[in-house]
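Chain naming follows the written order as A, B and C, and within any one chain the residues start at number 1.
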């Protein structure tokens, strides 16, 4: 069985700078890959490359064994790949419910009419606990609710592969646990998830494996515990002094 | 509000309009209303691409002119009857919109607006430079009356009804689009194109479809107009003023709504005529002042303002200023 | 051959003037993302100011040019500060409609004040010319070209060396960051617009000594400014000069061998083509999408 997601030598340059450089990894069905790295490491670009919003300069992306490199975003979306945006992108003049219904109208499970899709939207809304606010306008939502809306929009696409771009940013500690629970329950249903995150506690709790990016390239990849103890990773995040101290601690 | 109420009102209005010429309306009034209906079509056409999809075209008049010239050239050169030229004009409008849309709908914002303007102006110049076909600057005259005419000339009442029928069609098209998945696709594109693509919307196809519909409606309007004018000139049929009028009507009435552009067309056309009659020397000046004032006070248009007042109990005057000021 | 050289000379010189007309338009579009449909009207107002001062007070057009620049700077500043700043963040058709309404006001105001007749500013020497063999180089146009080059150089230096110039450039790149760094963005925008209006007025006064003008000339100047701004890249001063010269040459050569309106059609064709293929202009750097606005 081919992995749900595979990248081969994925590279993207903007002018002279490589935002993503020679990234190769794969994701088996039902697993969760956490992607971490300092700001500017290329994590959002990676997601954009997978979803087709940005075309790679080199390399390829395969979804379920099919080469989707260079395909338009809607084609990839209809292959059951859904994503959230780091800076939330709601449809501002539509209600929360209508926002979610769009995915149902045009995603893989194309509803036969607008009205049907709107009715079905409630399922996704309930999943993220946003049902009471279904008639509200996105502009009136709190940060946490806005992120829930992003998630609901992605879920309405009935994805097999879900790409989450910093969904926990700006959430209060109490708001993080429900998000983690949701990710866990999605994983149980067999959804394959790639999570880009800065909130360490969250990503350690949820990931089967971790990919550390630095300046567009892979710095380390593997079991979360091992990766976090890797000297290079510590250096990238905290600087050389901490890396040396960590090494001394281990040796001593 | 009872669901059938707006329908009943519309039906009643339609009946009145249909009976108007026979019982109530003078020739001049019929002509005025005829041009009102024509602008309803133009404004609704713009509404589809500019209002719903959010791509503000400043060159829709190119379809108007192409439709008009298709009719004129066919009637002059081949002696075809008017009714034969209408599908031809529609096809030309649709086809050119698709052709033009493929490269140009990739542009966004100002770039798109100016590219469409460039195409319209370029087409105008192009038509001027084909005197053999189009008569160039000297214009071309349709054999509408006399021995060469293939049918009897419709006259004021005839054109009144042609434009009325087209306006009704335009209203129905926009109403249909607004309720459909296509309408949602366009609105999603207008509100966030990246998110729309991520939700599975084929944004390229949707935009081109909206543009094609606009082109179709606008070119048929141009065809009827050309027949009505009998003698047509490039400067008139590709005039930037027509573009601006249709944009102002759609926007001030309420872009992205169904009845907004209709309200905009009716009020602005009557306003324009009133100004022309009563303030002849100043009328364009005052018109400009009104546009400036309206953009500041009611940028979302009359219909959206009314909806806001009704649903959210707020009077959103100067909303542009509040929301968008620096 | 002489004809070709003559056409080239005219094209170059005319192009310089066109660059002067367009440079302010390009600046405003590049820095503030505002397409000022009333730009051509500012040009014509400049011409009228110089003309009126010449008619009534006998003021030399070159001094009149300064008066036009000053007057239009003030007017532009006020218009931006009190009017356009109000809707700067709005969807673009709002600012387009606003400036279009403004254009109607100004052009028709001019018609009411001065009638639609064509005017010209008479100077003694502008129509005399240098002669190189059989090729004439009119003084008036030469002065115009020199002025355009001087203004471009001046603007580039201004943008690079003065505080307000740097403020304009940085606000153009990232408005929110500029604000956070303490810049009064409302003032910077108003200044930029005033500057653009002043440049337009100067160009208009200059043009008034060379060509005839009337309120109806405004539209043509706006349209040409579009083409030049797109060709040269938005906000790119050298690009505006180059774009202007290019357009001037194309129009002049084209006018020699093709009918006038076909040349216009070609200009529009080039405009659309450039927009599709390379929206950053023939000279500008590739447009980077991450243009932070807030």
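Quick note on the criterion: a residue touches a chain if its C-beta (ideal position, glycine included) is under 8 Å from a C-beta of that chain, and two chains touch if they have at least 3 such contacts.
Values in this document were obtained by computation on a predicted structure and should not be read as measured data.
In this view the innermost chain, defined by its CA centroid being closest to the centroid of all protein CA atoms, is B.
Placing every chain at the mean of its C-alpha atoms, the farthest one from chain A is found to be C. No other two chains have as many C-beta pairs in contact as B-C.
A separation of 32 Å divides the Cα centre of chain B from that of chain C. The distance from the centre of chain A to the centre of chain B, with each centre set as the mean of the Cα atoms, comes to 43 Å. Inter-chain spacing, taken between the CA centroids of chain A and chain C, is 48 Å. Residue positions of chain C with contacts to 2 or more other chains are absent.
Those residues of chain A that touch chain B in the shared complex are 51-53, 72-74, 77-78, 82-83, 85, 89-94, 98, 101-103, 105-108, 110-111, 113-114, 117, 153, 157. Partner chain B is touched in their complex by these residues of chain C: 29, 33, 35, 83, 85-94, 96-98, 100-105, 107-109, 112, 185-186, 189, 219, 223, 226, 230, 259, 261-262, 264-265, 268-269, 271-272, 275-276, 279. Contacts from chain B toward chain A in the complex involve residues 179-181, 183-185, 187-188, 191-192, 194-204, 256. Chain B contributes residues 50, 54, 56, 58, 103-104, 106-107, 109-111, 113-115, 117-119, 121-122, 125-126, 128-129, 137, 240, 244, 247-248, 251, 281-282, 284-285, 287-292, 295-296, 299, 320-321, 323-326 to its touches with chain C in the complex.
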